[in-house]
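The structures come next, written out as structure tokens.
In what follows, chain A forms one complex with chain B and a second complex with chain C.
Let's turn to the complex of A and B:
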């Protein structure tokens, strides 16, 4: 099934409304870039550590947030070290780490369904020209389609393995795309038959 | 926009998400493995056209933003939009739109060669035109250095442009979406 990156908890951060968390995140990032000073960065890192503490998260979670970008961060650190000096390299890399951890903190403490509810609530108050029902339909359809296409992908891979060509990207993608397109007509008809448009 | 358009947009958002778990291909002499995900971007534009293609990538990014780990390597959540490679995510939408727009323009005479050129123009030129300034801005490095750091990915992207072009031509013959009366 489809799972999000949410880590359960009952802290103040978990209970805060998603919109507030997003606003704080943008404020935090803007502050770090506008006030480009090591004192500000130190304060920022302290705040993040405090945030992870309040949310009851472990250092491992903070590291998980940075790990996917590790390769890029090392290159950036090396480039800065070469262009400028150690202080600048450390500053730029730490600022990126602070941003990554701050954004992950919001993701860790907010369920995807809370965000979806928030988007739908915003849409209900959106201006008339916006096709809100269609946006809501599209979002809910993707939830359903990801497991479906995953299954179709496994079937295609099985078939191509029998032919000994499961390492060929083209042999995996072409049949999968055609199957996906074929299912589009059936699904659209099924939705229209229930007069949801 | 018909119900079928919505279904197609959602299907390609999901397809691009599933491509994140495709087995990565490693080429000799290349330090970075090729992930299939940016193939999904090229296909969204090249099969659905500019508008639907770009919308399907936006839809995928919305789901990533609300916390689903749908990007390659299981990445997801808001941090990908605040990391050094955030410019590439904007590049995805622009790439899908450009590829779709050019495919619509050259639809009648679309061949493997022209489809490859379209995928290179949109999926590499446009994508890096947004991604590299993104790295430069977030990491405070000059554009030339950001470019040097990204160059290793370009051979893999060319392989993907070739695969995407082959799929586009196959789909045009067997199951065309763009040329239909909408």
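Let's turn to the complex of A and C:
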């Protein structure tokens, strides 16, 4: 989950090359989907718990990774319960939770600049006309933007509450979009000012 | 730096008209009301804004102003690009094609100079306003600019952080140009430019320009 940020540390997972982490994540997700068996899922969840332990992360971090998707998980669980049975609903939901936690483990232990370097390495053989640096920077900016947008969302929500507007989506979204677009302009200008490319 | 008959127009609107200046002082303040053109003026220094006509030059710098001029923005949140302090400081250096060892040395040096070495591994969005402003400044200083321009850098700072910023500014070896509404801060500068209506309305020492500007603002406020 990209909403989860890097958590500084010096564990083996923090030190592992981003490309390896991404490859392991890909293998992990593929294995969970290809081998649809509860034993495999149990092993997957165990591995994730081990990964969080190695990285020095707490259960709270694992929960933070899943929390933004809670509503979706509840809907999927209910749909599976209705269409299949309790065992299938639990299996599908737990598998999704394992995937979310695995993806978060990668972002928790990888710096944005390491991702940038990794993306640049992946693009090293791409055609020359492709703006590799810009692509890598744009992707790494996601790490910077998400907490910023989250803070701005909270500020707008607080301001609307202070005005007595509790449940208006428009009152929340309109000022947020304006602020985000303004910030985007200013960040673009700052990037231009700070780099020579 | 020399501005020679510099004009900036946007569409049919003239933002700056015929600005000619020779800037040699170490601390230059820029004041003016909102919409007077002072931010556009500041953006001319490092090429964020190109003049529509006229020239800007500095001896020995060639055409590449950006390599020589650092820019500190009003809101550090919009200046900090990477989520971790150390990564952000490295950002401006990577485009200068420096070696990893050189980048590391410069980062260590600037963190030490600004006494913010403890922030090295911190996430930028978790810093206080004052810490963010210091990190934004460090991101500029690490590129070792010959001149630094500041766009209202103390607007979002509380008093202790503003005082820290003033101490840091006094210790900077580079010349600095600063747009600010903080007239008290600018009283210690060498030269003040009052921009109004896109032109340099007044140019002189703080004691010559600032009281007159204050009186003018008061007169306008009272209608």
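By our rule, the second predicted complex is superposed on the first by the 116 of 197 C-alpha atoms of A that agree within 3 Å, B and C clash if a C-alpha of one lies under 4 Å from a C-alpha of the other, contacts with A are read in each partner's own complex, and residues count from 1 in each chain.
As a convention for this text, a residue touches a chain if its C-beta (ideal position, glycine included) is under 8 Å from a C-beta of that chain, and two chains touch if they have at least 3 such contacts.
Keep in mind the model is a prediction, meaning the values are calculated, not measured.
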| item | value |
| --- | --- |
| Contacts of A:99 with chain B and chain C, given as first, second, both or neither | first |
| Larger contact residue set on chain A - chain B or chain C | B |
| Contacts of A:149 with chain B and chain C, given as first, second, both or neither | first |
| Chain B versus chain C as contact partner of A:130, first or second or both or neither | neither |
| Which superposed partner A:46 touches (first chain B, second chain C, both, neither) | neither |
| Chain B versus chain C as contact partner of A:111, first or second or both or neither | both |
| Which of chain B and chain C A:192 touches, first, second, both or neither | both |
| Partner chain in contact with A:165 - chain B first, chain C second, else both or neither | neither |
| Which of chain B and chain C A:6 touches, first, second, both or neither | both |
| Which of chain B and chain C A:70 touches, first, second, both or neither | neither |
| On chain A, the residue positions that both chain B and chain C contact, one per complex | 5-6, 111-112, 137, 141, 148, 183, 187, 191-192, 196-197 |
| Chain A-touching residues of chain C, taken from the complex the two chains share | 46, 48, 64, 66-67, 71, 73, 75, 77-84, 87, 90-92, 94-96, 121-125, 139-140, 143 |
| Touching residues on chain A, where the partner in the complex is chain C | 5-6, 8, 111-113, 133, 137, 140-141, 143-144, 147-148, 151, 183, 186-187, 189-197 |
| In the complex, chain A residues that touch chain B | 2-6, 22, 25, 29, 65, 68-69, 72-73, 75-76, 79-80, 83, 88, 92, 96, 99-104, 106-108, 110-112, 115-116, 119, 131, 134, 137-139, 141-142, 145-146, 148-150, 153, 167, 169-170, 172-174, 176-178, 180-185, 187-188, 191-192, 196-197 |
| Touching residues on chain B, where the partner in the complex is chain A | 1-4, 6-15, 17-19, 21-23, 25, 36, 39, 43, 47, 55, 59-60, 62-63, 65-70, 73-85, 135, 138-142, 145, 149, 160, 163, 166-167, 170-171, 174-175, 177 |
